[in-house]
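There are structures below to look over.
Below, chain A partners chain B and then partners chain C, in two separate complexes.
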Partner chain A sequence: MAERKLQVALYWGAACGGCDVAVLDTNEFILDVAAAADIRLWPIAVDGKYQDVEAMDDAELDVTLFNGAVRNSENEHVAKLLRRKSKIMVAFGTCAHLGGIPGLANQFSREEIMERAYLNNPSLEVGNRTLPQTQTDCAAGQLEIPRFYARVYRLADVVEVDYTVPGCPPHPSQVKAVLTAVVTGTLPPRGAVVGASERAVCDDCPRKKEEKRVARFYRPWQIIQDPERCLLEQGILCAGSVTRSGCGVRCPNSNMPCRGCYGPLPNVRDQGAKFISAVSSIVDSKDPEEIDRILAGVPDIMGYAYRFGLPGSLLQRSL
Partner chain B sequence: MEERRIGVYVCNCGTNIAKMVDCEAVAREAEQLPGVVAARSYKYMCSNPGQEMIQQDIRDLKLDRVVVAACSPRMHELTFRGALQGAGLNPYFLEMANIREQCSWVHEDARAATSKAAALTRAAVKRVVFHEPLEKRYVDMCPATLVIGGGVAGITAALELAGADQPVYLVEREDHLGGNVARVDLTAPYLDSARDILAERIARVRENSNIRVLLESEVQQVTGFVGNFTATIRTGRDGEVATTEARIGSVIVCTGYQPFDAARVQSYGYGWFPNVVTSFDFERMLRSGRIVTDKGAPPRYVAIVHCIGSRSQEFHPYCSRVCCMTALKYAHEAKSALPEAYVYDLYIDMHAFGKGCEDFYRRSAEIKTIFLMYRKGSAPEIRQAGPKYDCEMLIRVNDQLSGEEVDIPADLVVLMVGMESREDAGKVARMVNISQDKDGWFIESHPKLDPVATTTDGVFIAGACQAPKDITDSVAQARAAAARILGKIARGRIEVDAVFAEVDEERCSGCRMCNELCPYVAIEYDETKKRSHVISALCKACGTCVASCPSGAIKARHFTDQQIFAQIEGVL
Partner chain C sequence: MDFEPKIVGFLCNWCSYTGADLAGTSRIKYEPNVRVIRVMCSARVDPTFVLKAFEQGADGVLICGCHPGDCHYTEGNYKTMRRFPLLKRLLGDYGIEPERVRLEWVSASEGHRFAEIVNDMAAKIRAMGPCLARPALTEDPAQR
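And then the complex of A and B:
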């Protein structure tokens, strides 16, 4: 280790920044990383240019932690560039893994998104008709911005991914685990989802599970919950049953329902479909009108079921 | 994966398939698919030569998978599985493509139908590649039977089983056996006494040590599966209650019917006119030997009105089957008790389809019963007669035979109330896990070919709980159900289909999502392991739990994701 420092890049695609903050949340550990590794690219914290990466030899980087989804041509370009320059490509965090929150935009066309963001939005200046263009001619010459794709992709849709670290964001301990594994050469088999269990969150959740019969669904603030009992059984939309564990059951243990950020179980192709089938399975009625009434208590089933996984779902014809 | 050796057999089904699908073209196309070593079309694949062709190929070409493109698997899957087994191949290495019911029978464009048949066949070929060898399993058969309901069907079934030296629990809610038949005087069309029919059989039940009769008792719960049920029976009313746990292998539901409540039809004034009575009220008079009005006088005019609550859009759309002949029986009994009385019979259509019934109808006319025919939807109206009439009531009928609206006199009106499913039939259905049709009758496994079995193995239905029927048919069904059970007892063990769901405990997270969903109550949750598991003997492989399992931990044998996705790929 002493002769050659670990060569590391961290990058964000379509992301909120939370994954990068999770890396910073490793506190002093990040200093150990800085001591043991050269951070060659990390837009949020370290100065570095794309040209510098382009100038590297192929596979010069030991590992890239790529967070964020692939939303535009820049995301894809950098993903491909870093893939070429890295020995190990890690899809870091839920957006890179599954498409994440940005992936919910796949419910809408590019035109609808542009309309909403730039033309018809209460925070816009009245009468604004300006839409971003890929190329703009101005006095200083031609300006170019990345092309906005028709849909959001997972990292694995555009480059080969070696490891996945799930979580929105991943727990700082996961960051340590991955970097430590790279440094010590104790990596799991390629393709592994690092730090995730083979079972659902329910398996680790200490809450008492009985038979599920729900006559009304609640958002967490609408009910005073029994802290001992399964949240779903209380009508709170918890995605624990359709989500891989490994997170430490942090949300249910904080009296909040699991949101599903660790993604589907290894045997499952479509987490959202599983969630919808779970919710519809526990409705306590056989009367069609009453069922409608109960399900009306679920305000945004797409948002709940496909909160993180729409781009990789069967709905998007992804297998 | 190792290369498969698949044979594809496309059936013409005479002209059933061939008239719309070019079967030879389907075979030629299948021949090109990877792994297919033989593809043939033939007149009738299910015939002996057809099956022998498949078996010959299995032996000569060393086939290890077979696709038959023919009718619905519900029709002939077992036939072809048998053919595979006969040639030494695991029967589950078969896949059928339904190119008859789902193709030739429902299309009119032969080219499109042929290309659809080819796609369905391709899907079957892709699927069969992933078929796994499955073995049938066996469970023990407990010889005891629970008979729910002590009417004529229940009594008959109990005697039949006990006569073969098998133990029976006969559970009756009332304090006596006999059911609705015990409320009847004579029976149609031969005018035998119902009492005679019952008394002798009830005595035999009482004497038979194989039958344990539980009166004033209700079944509370039935758990387990075919051959291995446990029933909890509660005996007694408030205060003194005893509970019996019975180990049983089969259940016959003989819970019968309840009479339609005549007060629901307002135009007849039942409950308002004291001398408008129901058929069951009239039976009571006949059994006591006194046909009288509320004033104690014998009626001069007796009117019998058919189809009360039956064949009506407002109440029950179906025919109750026994009322027409019972009405004629009343005509006979009234005439014989009161030779001077006029008997009117008001019907919509005279249903006299049973053995001896048409003769009975003729004899009823010969004894001078006056028949009037009213139209469906234009029910006769009953009103009080004024002082100038020699009768108590007048019935206005739009008589279809004469084409005239007439008023007929009546001192006593008998309403032929129809049969309806019992109010608490739903409770029974849920308890033994059988289904009800839209009118509440229990549903048989097949309306023609399997009339006393249900979709729950080991649970049979007999008598009027299945649909309105007379004593003759109830007895026939009861004996049929008993025979089915005796057949199972004789074999000593029960074959359980090799297709069922199983939980991979390594993947189960114990979320309990599946627990309440299983329509066959086949899923158990282990509190200590915190895992769910499927009782395979109870499982019907419906797939509900498989689809619902959030962890993808439940696998349906013979319907794995891999098989289904391969099949979907094949049609796309």
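And then the complex of A and C:
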């Protein structure tokens, strides 16, 4: 079939919109994509209804870039729908890949989240006890809204994923590389992580690395840092050693530590386990009490170890 | 059937495994709940192993190494000592009770001590009941 344009959908699950903005951040390149492809669904930028997707033939779409985690029944429904309609399903961005920032909610139960958001929150009107319901009756009939799940899932937990593009958000140059690979049909074998490197962020970080021995940990605002030297050596918690590169080392180059958004390195199952191992290993003491004192300076270990990947970790959620 | 805890024990080759062996050759009776995995050094125990044990359904994890100063590799057990506090905090954030993870120093001559540690741990975990950290235990795809 000659001159058939590439059929593309972009969708967001539980996401902030940053991944969609990263696609737009490819600037004029997006016009080339629009010229080479029909964008059939893209809620942030293009009109398109779920019914239109439902009316498509199975595998009518060539590729879906799905960003965002699966937080509610709508996310799962659309993920399954797009999976059926697409030849290639891409988990695009960290939320779809590992759960991302929304995945931190897996530390709390659905009831705790509802209580905090709707009943016991300083910004609520005093005495308000309104909780969202999945169904309501009104003059127009019965209305339904999606059901909020007990926890956050990765895209791969609900549908089969063909490729993964990590990053929060993926670097625009990587977005470009991925879209080009789709257009030119030069994608690697199925299941691959694309648009990222096989090395750690540290490997690409230009900061000077010497000996890592830390007697105190600092939050970034607690210390005036040496902009030339490894942040971890200065006691600033940096996840560069346990994080896949490909981001262009944007954070350490901006004097901020790596937070780990590109996810674990190849062949690493659990990024947080590697993070605590790396951080502990630089503590400069052999005395149990002193070790405890130094490590007490590491706040919120769950938040640091799994800032972007709690649903993708081995245990997936807190009890 | 009554609940019997499954405890995964990572024992270092040089001291603790030999200590456990001594418990056996000395015919010391202790609880059969511990499944021993011999590692060359307690420092070989990557935190991933511990998380993986819980993910696979362990009710407790015991890590044993040489006493500080006695490490066959001079410093290995200090590395374990440094790694353990954050691991324990992380497991606490996961909702896994502190009694379920233990780091103990057991020398090659401490067969009795090894037996006591296992008995104590098994009794505490038996009283607490099974660990629900294994995702499959609390997940029902139909009930999301």
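Just so it is clear, the second predicted complex is superposed on the first by the 314 of 319 C-alpha atoms of A that agree within 3 Å, B and C clash if a C-alpha of one lies under 4 Å from a C-alpha of the other, contacts with A are read in each partner's own complex, and residues count from 1 in each chain.
Here is the rule we go by: contacts are C-beta pairs under 8 Å (C-beta built on N, C-alpha and C of every residue); 3 or more make two chains touch, one makes a residue touch a chain.
Because the structure is predicted, anything quoted here is derived from the model rather than measured.
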Looking at A:N120 after the superposition, I want to know if it touches chain B, chain C, both of them or none. Which is it: first, second, both, neither? neither
Considering only touches as defined above, state whether A:L265 meets chain B (first), chain C (second), both or neither. first
Is A:A305 in contact with chain B, with chain C, with both, or with neither (first, second, both, neither)? second
With both structures fitted on chain A, tell me whether chain B or chain C touches more of chain A's residues. C
Touching A:Q133 in the superposition: chain B (first), chain C (second), both, neither? neither
After lining up the shared chain so the two structures overlap, which partner does A:N255 touch, if you call chain B first and chain C second: first, second, both or neither? neither
Just checking: does A:K274 make contact with chain B only, chain C only, both, or neither of them? Give me first, second, both or neither. both
Set of chain A residues, in rising order, touched by both chain B and chain C: 268-269, 274, 277, 281, 319
Which of the residues in chain A end up touching chain B in this complex? 198-203, 209-213, 240-242, 245, 264-269, 274-275, 277-278, 281-282, 319
Per the touch rule, the chain A residues reaching chain C in their complex are 73, 76, 107, 147, 149-151, 153, 268-270, 272-274, 276-277, 279-281, 283, 285-286, 288, 291-292, 295, 298, 301-302, 305, 313-319
Touching chain A in the complex, chain C uses residues 46-48, 50-52, 54-55, 68, 78-79, 81-87, 89-90, 93-96, 132-133, 135, 138, 143-144
Which bits of chain B are touching chain A when the two form their complex? 506-513, 515-517, 530, 547-548, 550-553, 561, 565
